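Encoded as structure tokens, the structure appears first; notes follow it.
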Amino acid sequence: MSHPGSAIAGIWKEKWINLLSVFSIGVGLFILLISMLIVYNLNFFASKLQGRFSMTVYLDDGISAPDLARMQGAIRSNPAVGSVSYISKAEALAELKKSMKDSAYLFEGLDGNPLPASLDIRLKRGDATDAMVRGLAAQIKAMRGAVDVEYGAKFLDTIESVISGARSAGLAFLAALLGGVLFVCYSTVKILFYRRRDEVETLGLLGATAWFIRAPFLIEGSVLGVAGGLLASAAGYAVFDVFLAGFAGALPVFRYMQTPVYFLGLLPLAGLFIGFSGALMALGRIKF
Amino acid sequence: MVRFENVSKTYDGQQALSGVDFEAGRGELLFITGASGAGKSTLLKLIYRAIRPDEGTITVNGAAINGMGARHVPGLRRSIGVVFQDFRLLSGKTIYENVALAMRIRGAAERALKPQVMETLKMVGLRHKADCFPDTLSGGEQQRAVIARAIVAEPVLLLADEPTGNLDPDTSAGIMRIFKDINARGTTVIIATHNRDLYTGTGRRIMRLASGKIERLDVG
Amino acid sequence: MSHPGSAIAGIWKEKWINLLSVFSIGVGLFILLISMLIVYNLNFFASKLQGRFSMTVYLDDGISAPDLARMQGAIRSNPAVGSVSYISKAEALAELKKSMKDSAYLFEGLDGNPLPASLDIRLKRGDATDAMVRGLAAQIKAMRGAVDVEYGAKFLDTIESVISGARSAGLAFLAALLGGVLFVCYSTVKILFYRRRDEVETLGLLGATAWFIRAPFLIEGSVLGVAGGLLASAAGYAVFDVFLAGFAGALPVFRYMQTPVYFLGLLPLAGLFIGFSGALMALGRIKF
Amino acid sequence: MVRFENVSKTYDGQQALSGVDFEAGRGELLFITGASGAGKSTLLKLIYRAIRPDEGTITVNGAAINGMGARHVPGLRRSIGVVFQDFRLLSGKTIYENVALAMRIRGAAERALKPQVMETLKMVGLRHKADCFPDTLSGGEQQRAVIARAIVAEPVLLLADEPTGNLDPDTSAGIMRIFKDINARGTTVIIATHNRDLYTGTGRRIMRLASGKIERLDVG
């Protein structure tokens, strides 16, 4: 085995070009980190919004207890439904008065309670498709005792669908980005080693075995990859710690931002993987 | 040690060797000469299997190397020391490291290696250049570094391709003395050269190539 | 000037490694394209939401016409306000009945109109900070004739702030990504040309001037860059045309997706810029 | 044509030339010889300003090149043809392109260039290798390609560093004849070599270097 010191010496002899590839790998991994952070947070927000979207069934004043129970059972058994709660006429009026706050006195002249009782249905955000919601609404409307079914304002639907779409798009983008960054890193190592194919050939002519030839390149690739990963980690730490902490007050969204620090620990590992396997692939099969 | 039987080699369209038959016995010191482009380097490259013949059989140290599997090629090459015409020094390593490499490839222990490398560098007059990189050496110094790398591991077969092309007559004579010493200790030596001073008066066989064929066998 | 044919011949002689750098540049530009697309759409959605957020001022039944005019004037002059519209008591009741749709008959027994008249204020989404909105509310509340001021539900505020934050983060990310991709492309060209510094040195020793030496490298860099750009365009076209068209039905968000095709035309230009200036920088100052 | 006054050159710690004084007149054919590492290549490199002296003055074609601005260096080099000891052929270009390059750099028109390049390749016996890449040529063929590149543009000064190191005696003699022809047509020629065959019996001046100093001036 060629001694590892010579791999380090080789790196040092060509330090500028090696530094450049370290930076290149570092930038790739940093972009990946930031993208992961964005997608992670998108998922986090999306899960926070879970169950926020509701459907309301207005009930006939004269609905019978069995009809009500049957209706509640039918709704609960629907897979798109998260929870169902009963709002009485009195509760509805109290709610309306509360929502009008100081203007509640306006209702004082009111003769009786004109508001209907209702069932408040929380939908499972992820699972409830448009078609399912419409189907459920039609099903309930056909039941005895239901006066009207009202569901999600168009606007909320849009926001919800945008966020859910952005989440899928984000994941797809992340997958593509991962592939892209891996490719670019591989290609950096490949181009870096390409000019040393003479060295590979010479080592072969001197009688070195394939693994003897590969060893210093694998060490070099690994060192470059880990260095790139550490660079990305350092940049990531700076963003997490300095930037996010400093700017959290200025931009409201950063207050809600989740920063999983273990991502940082993964980067040097990813760098090692990229550097090692990149070097292995860059060398390819060694011909004799 | 080395036997060629009806060996031919064509580089896409360019005939470099045709129907070459010869044998270099164990312990022999053989010279190959001939005009520029006659096929000397091609013949040597066939021996260490840098290239393969189109036709014919090549036997090195008792083994037919035509059909030799890739697995056995490094072993073959480790039994041979080569002075490449185009040097092939690794530019990222010092002269010491370049020479030591030949021993590391042969599995020499780090401790055993240093005295032998320094001794060989001294023989070729490069001890003071041990820590220099190849691109800071003069042409002749680089050539001597290549010679040191070829002989340091005491191969059973030494192939030298134009080993004195960049050396002055005195230094050339010194190198030739080294080759003769090595040969005297049992190593088969084949030297491709155009330098008449190397072989005149040696009493050794000289194989003259012309356009890829053996034109003549002389004795120097 | 060295003839351009030789630059092409040079590219061809080392086609594999050059192809690799073309791919590398292409991948970088493609990532940039997709990111631009995402941020562009984020902006598009954000602008669609513009003016969606409102503030309602409930008015005293006995408000005088001058008081009302003064109040409207004060509101209009606030920079956070987009538009103001007056909703009379009758309109408010009609609205309530409409929102209850089929249940409107419930209000038939109603004696008189208990709902107040109001001013409906649309806020400028981008410009209205939390503090400004609160300040405006306090200011209006202090005026004669205002009974109550109600503004944006906390939930909507959150969504809005998330989207607006995501938009700024997206732009920042895009800027960082642009820098990163430019760097990686430059570094690819630099590493690619690094092994040819012997060639540069030899040309100098043969008496070539700096621009004579640079010319073939600049041509080569430009060709590689444009090829990378075209590759990214082709990939982008495939995504726009095939992927988005094919999947638009499956994922609702893609129905709203904007695909500005002129982005595609910009990529080869960006590639040209990257290749040319990358080559120029990669060569650096040529020493004599 | 070339004048050195008290020129010294040290490569970080390694003295390569010290206090060298000499003059090569216009139209002269001068040989430089000396042991490996004596400083021959260093001396030639100083003339085409690949390196700069630590001390002393160098005058080439009437111009002091020590303080010469970078702007003027390409012009100086275009007036000189160099046979580099380490060849420096561009591996991505064919032999034809490598030789043509020397003329393109000098601004020759594409049409005027082809006959002259082919004529020069013929002179060195490489016409049939015009479309080959350098790495498919034998050592001697590569060396002749470098010679062709150095002489094709008819420089006023020709510097040849070990131009026959890879050539057989007959081919060497042919190359030497070419150099003499060029010299006869007015070009100053300086040849660094260890090949005695080149200068013995020529009646030209031979400058012998030893450890960076001029040891002796002989006549061949």
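Read from first to last, the chains carry the letters A, B, C and D; within each, the first residue is number 1.
We take it that contacts are C-beta pairs under 8 Å (C-beta built on N, C-alpha and C of every residue); 3 or more make two chains touch, one makes a residue touch a chain.
Every value quoted in this text rests on a predicted model; they were computed, and no experiment measured them.
Enquirer: Based on which chains touch which, give the shortest step count from subunit B to subunit D.
Expert: Counted as steps through touching chains, the separation is 1.
Enquirer: Using C-alpha centroids, which chain lies at the maximum separation from subunit D?
Expert: A
Enquirer: Roughly how far is subunit C from subunit D, going centre to centre by Cα mean, in whole Å?
Expert: From the centre of subunit C to the centre of subunit D is 62 Å.
Enquirer: So, what's the distance in Å between the C-alpha centres of subunit D and subunit A?
Expert: Computed from C-alpha means, the inter-chain centre distance equals 66 Å.
Enquirer: Please tell me the distance, in whole Å, between the geometric centres of subunit A and subunit B computed from their C-alpha atoms.
Expert: 62
Enquirer: Starting from the mean Cα coordinates of subunit A and subunit C, work out the distance between those two points in Å.
Expert: Distance between chain centres, rounded to whole Å: 19 Å.
Enquirer: Could you list which residues of subunit B touch at least two other chains?
Expert: Residues of subunit B never touch two or more of the other chains.
Enquirer: Between the chains shown, work out who touches whom and classify the graph as line, ring, star, complete or other.
Expert: If you draw each chain as a dot and join those that touch, you get a single closed ring.
Enquirer: Who touches whom among the chains?
Expert: All chain pairs meeting the touch criterion are A-B, A-C, B-D, C-D.
Enquirer: Across the complex, what residues on subunit A touch subunit B?
Expert: Against subunit B, the touching part of subunit A is residues 1-3, 6, 9-10, 13-14, 198-199, 202-209, 212, 287-288.
Enquirer: Subunit C touches which residues of subunit D in the complex?
Expert: 48-50, 70, 73-80, 82, 84, 88, 90, 92-93, 97, 101-102, 104-106, 110, 133, 149
Enquirer: Can you check the complex and tell me which residues of subunit B touch subunit D?
Expert: 11, 14, 33-37, 41, 85-86, 136, 138-141, 143-144, 161-162, 165-172, 194, 196
Enquirer: So in the complex, the part of subunit C that touches subunit A is made up of which residues?
Expert: Result: residues 17, 20-21, 23-24, 27-28, 30-31, 34-35, 38, 42, 45, 49, 52, 58, 101-103, 106-107, 109-112, 114-116, 130, 147-148, 150, 155, 158-159, 161-162, 164-166, 168-169, 173, 176-177, 180, 183-184, 187-188, 190-192, 194-195, 251-254, 256 of subunit C touch subunit A.
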